[in-house]
Structure formats: C-alpha cells, structure tokens
Amino acid sequence: MPYVNIKITREGATVEQKAQLIQGVTQLLVDVLGKNPKTTVVVIDEVDTDNWGIGGETVTILRKRK
Amino acid sequence: MPYVNIKITREGATVEQKAQLIQGVTQLLVDVLGKNPKTTVVVIDEVDTDNWGIGGETVTILRKRK
Amino acid sequence: MPYVNIKITREGATVEQKAQLIQGVTQLLVDVLGKNPKTTVVVIDEVDTDNWGIGGETVTILRKRK
Amino acid sequence: MPYVNIKITREGATVEQKAQLIQGVTQLLVDVLGKNPKTTVVVIDEVDTDNWGIGGETVTILRKRK
Amino acid sequence: MPYVNIKITREGATVEQKAQLIQGVTQLLVDVLGKNPKTTVVVIDEVDTDNWGIGGETVTILRKRK
Amino acid sequence: MPYVNIKITREGATVEQKAQLIQGVTQLLVDVLGKNPKTTVVVIDEVDTDNWGIGGETVTILRKRK
C-alpha cells in the first residue's frame, strides 16, 4: 500500500511515458519490498518551469542559458 | 494548526463539494483532537487521470475498461 | 482512490484518536464525493513542535508563552 | 541537497516574484545550514482559491466577504 | 531534476532495500524521460502502521486481523 | 496563508537553526508576496541519510566516500 509522488517539470512528458513511470515504480516496490501493487498509488505532478528552482534559479532561466 | 492535503482525481468535483471537504475535515480535527479551526489549512489537489496510477495503471485506462 | 495527508504537531494524539481521524476522513470522501473507501489512503505525520512554525515562530516557543 | 515546497494561492504571483522566492529560500538554506545551493530544489505550487481552505472555508469565500 | 517521495509503512525495510528503491527509481527516470540522475532527489518516508490508513482502518488493525 | 515544507537530511540542525529557517522563510513570503505571517505555516522534515537519495545513491554512502 505504498504511495509515491513523482514531481517533474512540465516539458512534454507523454501519456505513454507517464504510464511507464507508474508501471515501473509500482513494479519496483513489488520487486524490492514485496508490496501489493493493487493498493500502490502513484501521483505524478508536472510543474511549470517558472515554478521549479535549482541552484537558486528557475528552470526557465536555466533552459534559456543553454 | 493542522495542515491537510487531499489529493483526488480531476473528475468533476464541484466548488460546493470541495467546500464541504474543507468544512468537514476541519471539523473532524476540532472534534477528534480539539484543534483550532482558525489556523487549520486544507489544500485540495485535483490530479489528471493520466497522472494518477493504482495497480500499476493510470486511472484513464482503468476508467476505459469499465 | 484519494490520498489524504494530515500533518499535526506531535503532542500526544492517541492511537484511538488517529484511528478516528482515518475513519472520519475516509467516510467524508465517501459522503461528499462517492469515493471508494477500499483504496482511500490516509497518512498522518506527527511533527515535533520545534519543526513546526506559524507566525514566524516555532510551536515550542508559542506553547511556552501561553 | 534540501527540498523545499512552497504552496500559495493562485492570485497573480509574477514570474519575477516566484524567481525571488526560489532565490531567497535557497540563500536562506546556505546562510543558516551551509547547504549546497547547486542541489537545493524548490517547487512552488499555486493552488486555486476554491481548493484552499482556512478556518473551514475556502479562500474564494473569504476574499468575497472582505 | 525530478523529485520523488516514496511513503511506505515502517515494517522493517533494510538499508539495502531502501538503497535499491533509490537506485531503481532514479534509473527509471533516466530510462523513461532521459532525466539527469545527478540532480534527481528521492526521499523515503517510513510511516508507523498506527498512522497509515486504508479502507478507513489503520494498518495496525489490518495486520492483526490477518 | 502559505504553507512551506522544508526537507533536510537529519544531520544535526539545532533548535535555533530550525527557528531561523522558520523565521526567514515566513519573512521572505511577507517581503516578496505581502503574505500574512500569522497564517503562514512552515513544517521542517528531517530525513535519515539512509532515506535520502541523490544521483541514485543514499546520502549515507555519499558522506562515507568523501
């Protein structure tokens, strides 16, 4: 019955990629800890690059610099 | 001064229903623990069904199957 | 399949009180939104009063003042 | 390598203000705890006023009353 | 630069198992989304069974029944 | 009425340092967004180094290597 929250920047992850993340992390919890997949909940948050900071700067600014 | 975060799938909860959740959970914390409602904060996150997984699958896929 | 996280200060909530919170918030989601209780997950975090701030001060200091 | 999550109501915070929050909280963690800013992550969530409750009411209703 | 939070009940996960979860979910984000592992943060919360509810009951009670 | 959650590794932050974080981030929200400090909530989570991963490894292992 684990709960997993994955936060990524909103930069075009597809429906298929998000389904793969959900499938993969659920399986990981089965493989490593023997958790029941039926009650394993995964929530993906996609966050605007203006709202995500690393190194004191927004990802919007980091992306422009490159 | 509790903080409550409620995550639900984005499937049409109305403004009135969300107000009821906020009212109800705040009252529950008053009734059970004697918490001060004035500083009780409730945040509701509505999550796309593509971004919510249970049993290793997205809710989008679960809804289609039924 | 909602997920609820309740954060309270660690100030002596009993096992029974925590069970009441879990029962109450699960029922609230059934009553207001018709959610399935079987896959409703509730996690309670109890936080040291040194680690909880309101009004710019820790709860430890607020409790001493009173 | 701290992680900071700031939740505010969605009421017009600008890109510049959000960048200031990210810069400021990252610097605070450097100043107080000597944390490495390069791996300090800050995520800002802007929440609809219908989805934020305090005192048992939504912020939407609180704003109207004033 | 994703951030992943894994919440599990505190029921004896070993240091090695937790390291496997961290390694596995970081690799998953590399494989599915091409994310940079160097800035991928994973936080595991282990929650007392008295503080985790599913189906309106605590896990402590669920475990006793079986 | 913002809510801030700061997650750091449990490596000896003092009561005074945690009070400074709470004071500093509350003031930041006043300065940048004009938020009301009275209803600004800050929660600090201190996480075991076995439970925190970056770059696919636990902080426990990273600390030993240095």
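A, B, C, D, E and F label the chains in the order they appear, each numbered from 1.
Convention: a residue touches a chain if its C-beta (ideal position, glycine included) is under 8 Å from a C-beta of that chain, and two chains touch if they have at least 3 such contacts.
Nothing here was measured: the structure is a model prediction, and the numbers come from that model.
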The chain whose C-alpha centroid lies farthest from that of chain A is chain C
Interface numbering overlap (same over half, different under half) for chain B and chain D | different
Give the rotation angle, in degrees and rounded to the nearest 5, that superposes the C-alpha atoms of chain E onto those of its identical copy chain F.
-> 120
Report which interface contains more C-beta contacts, comparing B-F against A-B.
-> A-B
Centroid distance [mean C-alpha coordinates] between chain D and chain C, Å = 21
Rounded to the nearest Å, the gap separating the Cα centres of chain A and chain E is 13
Touching two or more other chains, which residues of chain E qualify?
-> 1, 3, 7, 39, 41, 43, 45, 52, 54
Taking touching chains as linked, do they make an open path (line), a single closed cycle (ring), a hub with spokes (star), an all-linked set (complete), or other?
-> other
What is the complete set of touching chain pairs?
-> A-B, A-C, A-D, A-E, B-C, B-D, B-F, C-E, C-F, D-E, D-F, E-F
Chain C to chain F touching residues, read off their complex | 7, 45, 47, 50-58, 60-61
Could you please specify the touching residues of chain B with respect to chain D in the complex?
-> 15, 18-19, 22-23, 26-27, 37-46
Interfacial residue positions of chain B with respect to chain C in the complex | 1-9, 13, 17, 20-21, 24-25, 28-29, 31-33, 35, 39, 52, 54, 59
So, in the complex, the side of chain B touching chain F is made of residues 1, 3, 39, 41, 43
